[in-house]
Amino acid sequence: MTQKKNKHYTLREETYTGDKSELKPWQVKLHTLIYEADTPSGKLFDLILLVAIILSVLAVMLESVVSIQQKYGGVLRIIEWAFTILFTIEYTLRLICISKPRNYVFSFFGIIDLLSIVPTYLSVIIAGSQTLLIIRIIRLLRVFRILKLVRYVTGAQQIIRALRLSFAKIIVFLGAVFVLVCILGTLMYIVESPESGFTSIPVSIYWGIVTLTTVGYGDIAPVTVLGQVLASIIMLIGYAIIAVPTGIMSAEMVSQKIKKKKSNTQVCSNCMHGDHADDAKFCVNCGESLHI
Amino acid sequence: MTQKKNKHYTLREETYTGDKSELKPWQVKLHTLIYEADTPSGKLFDLILLVAIILSVLAVMLESVVSIQQKYGGVLRIIEWAFTILFTIEYTLRLICISKPRNYVFSFFGIIDLLSIVPTYLSVIIAGSQTLLIIRIIRLLRVFRILKLVRYVTGAQQIIRALRLSFAKIIVFLGAVFVLVCILGTLMYIVESPESGFTSIPVSIYWGIVTLTTVGYGDIAPVTVLGQVLASIIMLIGYAIIAVPTGIMSAEMVSQKIKKKKSNTQVCSNCMHGDHADDAKFCVNCGESLHI
Amino acid sequence: MTQKKNKHYTLREETYTGDKSELKPWQVKLHTLIYEADTPSGKLFDLILLVAIILSVLAVMLESVVSIQQKYGGVLRIIEWAFTILFTIEYTLRLICISKPRNYVFSFFGIIDLLSIVPTYLSVIIAGSQTLLIIRIIRLLRVFRILKLVRYVTGAQQIIRALRLSFAKIIVFLGAVFVLVCILGTLMYIVESPESGFTSIPVSIYWGIVTLTTVGYGDIAPVTVLGQVLASIIMLIGYAIIAVPTGIMSAEMVSQKIKKKKSNTQVCSNCMHGDHADDAKFCVNCGESLHI
Amino acid sequence: MTQKKNKHYTLREETYTGDKSELKPWQVKLHTLIYEADTPSGKLFDLILLVAIILSVLAVMLESVVSIQQKYGGVLRIIEWAFTILFTIEYTLRLICISKPRNYVFSFFGIIDLLSIVPTYLSVIIAGSQTLLIIRIIRLLRVFRILKLVRYVTGAQQIIRALRLSFAKIIVFLGAVFVLVCILGTLMYIVESPESGFTSIPVSIYWGIVTLTTVGYGDIAPVTVLGQVLASIIMLIGYAIIAVPTGIMSAEMVSQKIKKKKSNTQVCSNCMHGDHADDAKFCVNCGESLHI
């Protein structure tokens, strides 16, 4: 069971139930339906939820388009409430069929599930007492519902492992990039006049990031000769150092791939230690002969 | 023969003929001309077709340029019909020289070959009964003729294999990027005013994709301080996570390359030592000749 | 101790003290506080300095924003002087607690530390005698204080080593890119008219760098057909050759990673078999305990 | 000698002299000066030429700036002639000190050396008889002098070898990208109206290349909803498939690096075969014991 779960859930196993014997029979049944995707009814439950998530996020997005809001505002409100009630039922069901609800509530998915229903209710409660901006922001938080999709992502473990292993190095790299951009941005601020858009150091740093990451909006662009020379240098630096995060990640993934390949499937008959090298004659853990 | 074909056709072997004995002599001859590129006449046939494909696609493209259309419209129409008839003959020939035409018709290349002749005929048939837009679209579908070129691509197998092996992971990655962009786009919609181009969440998400992929048109760009800070973060994320697909693909290709190198299956007849280099003439372990 | 230092300081160890016996007891105490981050008071010292650096750089940046300068100019000047005095005290302390101050003064961090206090004093001294531009530039040099942060970067050794090993190759690559851009820029200058922005060869080369590095501001863009064809070729070249620095860096990092993994130097005392995994407890060749 | 040359010249060895015994003593002396960089005088010769190349290219570039041309036109013309005469002397010297001048004349560097002197003379000869455009183009060809710099590039062998090995695959990749862009460009032409810049299929394809390579000028940008959706897909494809050339190059370079490491320096005492694996006990070529 754990194996299957490992394959299905990416970020972490959702086992909020310490001991199933504490649960009543109907709770066990519900638990199987909601938390396990192997049964046909469990798969149907997942599918319905998946479609509901996508449609509800789409509705929130379309609501922000003025012309659609004016035309179909009423329909969208009804849809919104329908999905909110559906997600509320889902949240309640998830809560009542596990023995340790507290673990679920404070888990990543528990918070996401709560965040996807609270804004709709909140927008009613505080309707009169708050400014429109606050209400608007609260309503838009519903887009975070899209994070419910993370439950259904399969096969991202290797990427996530590589990202986690490379995270520290990539943060160091981005830190170095930031220091570089601060200095280059200041130089550009000195070199270029405010007329060409470099009105202050923070703006120049913003331009530096836009340039170094090769985004290049063009809303701010150097016009003086010296500025263009400096900008060229920044671009070439950006073009060359993109190799750094790429190299880090490649090294991590290549090493994972090679490691995976080299570990053969043999398990020591004495200590059950696996992951032996292909040409190993004795167990590295207990010294037992591997009888190849 | 299969080997040669493997080298010539990239995507898949075009063997629609189950049993050549079912074919008449002239069919076998035609089959060799059309489906096999090893004979001089087969090579000539391929070359003529190659040039015809490129010229006909070029004609379709030039037709869309207003000034050229006005000046050379008549010439282009004649060229168009010439190529359509040529491709119709080709399609017919391909059909009549194989024992199982059905397999060809529903194959990738069968559909492409049909798609490259149908639009011209269709535009005549439905000329009066349909709107101009439909006719225009149908006529432009002729550009898909360029896919006929895929037949002539050599040496892409390794790339395609790496792409196929990495496909699932890259889709997961793009899905994660999309979820990220939805959330960041919504935040930008909250932070920025509609005046600066962030008129709705879908537009903000579009801007998010433009920024994260480092395309950066600049038609929509943040103007508020908070918006520029958020945009800077999106750019740095985009600059850092491009390492993910790159790492995936690098790992796949490095592992293919290493595997390929190690693939010599020869075992020494004296000491049973394997894993010899491809060009080894004597066993590295005992000095026995490897009799290649 | 050396080990710890190695872990803490990235660029190089800061050991400017040849022989600690030359120092008086209070100097040794001060030295431990300032140069070693392992003691609680040393950590506090580092933390205060870290915050001071960030705040002081932030102050310099905000000073360049006209609206903030007009409103909070006085406050920023006081903050500026406070930090300058703090950094002056730091510099003095660093100097007096080592036996060979000369080594520190001419080290990377010595120069940075000096550069972060000199501009403020200099702007007072030369206030009347110089043009405003010079004073402005000197004042902005204070942004280089951000380089003091480099002291606190941990875990960048591997990146720096890979960068150093690849440096020569990446410079050669950038040189080749520059030669390419010079030629392509000149061709664009011939092809495009000055009206579309290609007013001279240097400007065309600037545009070439903007395009090849995929930054793409759009302030200068080709309008003629031939110009767009040439630009397309430049873009595709830029899109393809970004693989070169990336490949160099990946190769360097993969090779470092593999080397690192293989680096266990332990040799079995029984059969002299080496190349053991780091966590191996028994020899894979003869089963002898490795006595870790 | 060959070894040294290999290290110094990147693209290929410049040995146009079949047999040095055919040369007179002064020719041998001159040959050493010009073609070999190991002697002090040879190094000086190289340095002077290097500076001359850079300055002369700079002069050509500056001549294209209208304001500089008007002010310093006369000076630039004198400089131009000085360098042309210098390069003419160099070309003559290179010719007279080798036994097979024909080989040099038709070599890469021979053509470049000739190309860097011809335009100046030609612009005088055809001054009256040709249009200004032709003269302007001929004069600008002098920028190709920058290719003379290639002689002095050191340490690019590994990059060039990796590029050569990956060349076919990268061309296939760029071909596939081009086919993709043709189809996506046509779809955009159908979807978007000519008002937003998509005036013809060729222009739409140009836009497709600008977008897929993540350059993103922004001179042409989609405005319809469907167009923006399609553009988003193109961008995400471009963001993902940049991994392909990167992966190809990384795999090539990693494999070169690993191969280089694994080949030890031992040479067989019997057949002089090198490049043995580290743990080889017998020569793979002749079976001779390697006596490790």
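To keep things simple, chains are lettered A, B, C and D as they appear, and every chain counts its residues starting from 1.
FYI, contacts are C-beta pairs under 8 Å (C-beta built on N, C-alpha and C of every residue); 3 or more make two chains touch, one makes a residue touch a chain.
Here the structure is a predicted model, which means the values were calculated and not measured.
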Test of understanding: which option in A-C, A-D or B-C shares over half of the contact pairs of C-D, residue numbers taken as the match?
A-C
Chain pair with more C-beta contacts, A-B versus B-D:
B-D
Between the Cα centroids of subunit B and subunit C the separation in whole angstrom comes to 42
Between subunit B and subunit D, what is the gap in Å from one C-alpha centre to the other?
29
I'd like the Å distance between the centres of subunit A and subunit B, where a centre is the mean of that chain's Cα atoms.
30
Which positions in subunit B touch two or more other chains at once?
173, 202, 214-218, 242, 246, 248, 250, 252, 254, 258
Which of the residues in subunit C come into contact with subunit B in the complex?
214-218, 246, 250, 254
Give every residue of subunit C touching subunit A within the complex, in rising order.
57, 60-62, 64-66, 136-137, 140, 143-144, 146-147, 149-150, 153-156, 158-159, 162-163, 166, 170, 173-174, 177-178, 202-203, 206, 209-210, 212-219, 242, 245-246, 248-250, 252-254, 256-258, 261, 276-277, 279-289
Residues of subunit A defined as touching subunit C within the complex
168-169, 172-173, 175-176, 179, 182-183, 186, 189-190, 199-202, 205, 211, 214-218, 221, 225, 228-229, 231-232, 235-236, 238-240, 242-244, 246-248, 250-252, 254-255, 258, 276-277, 279-289
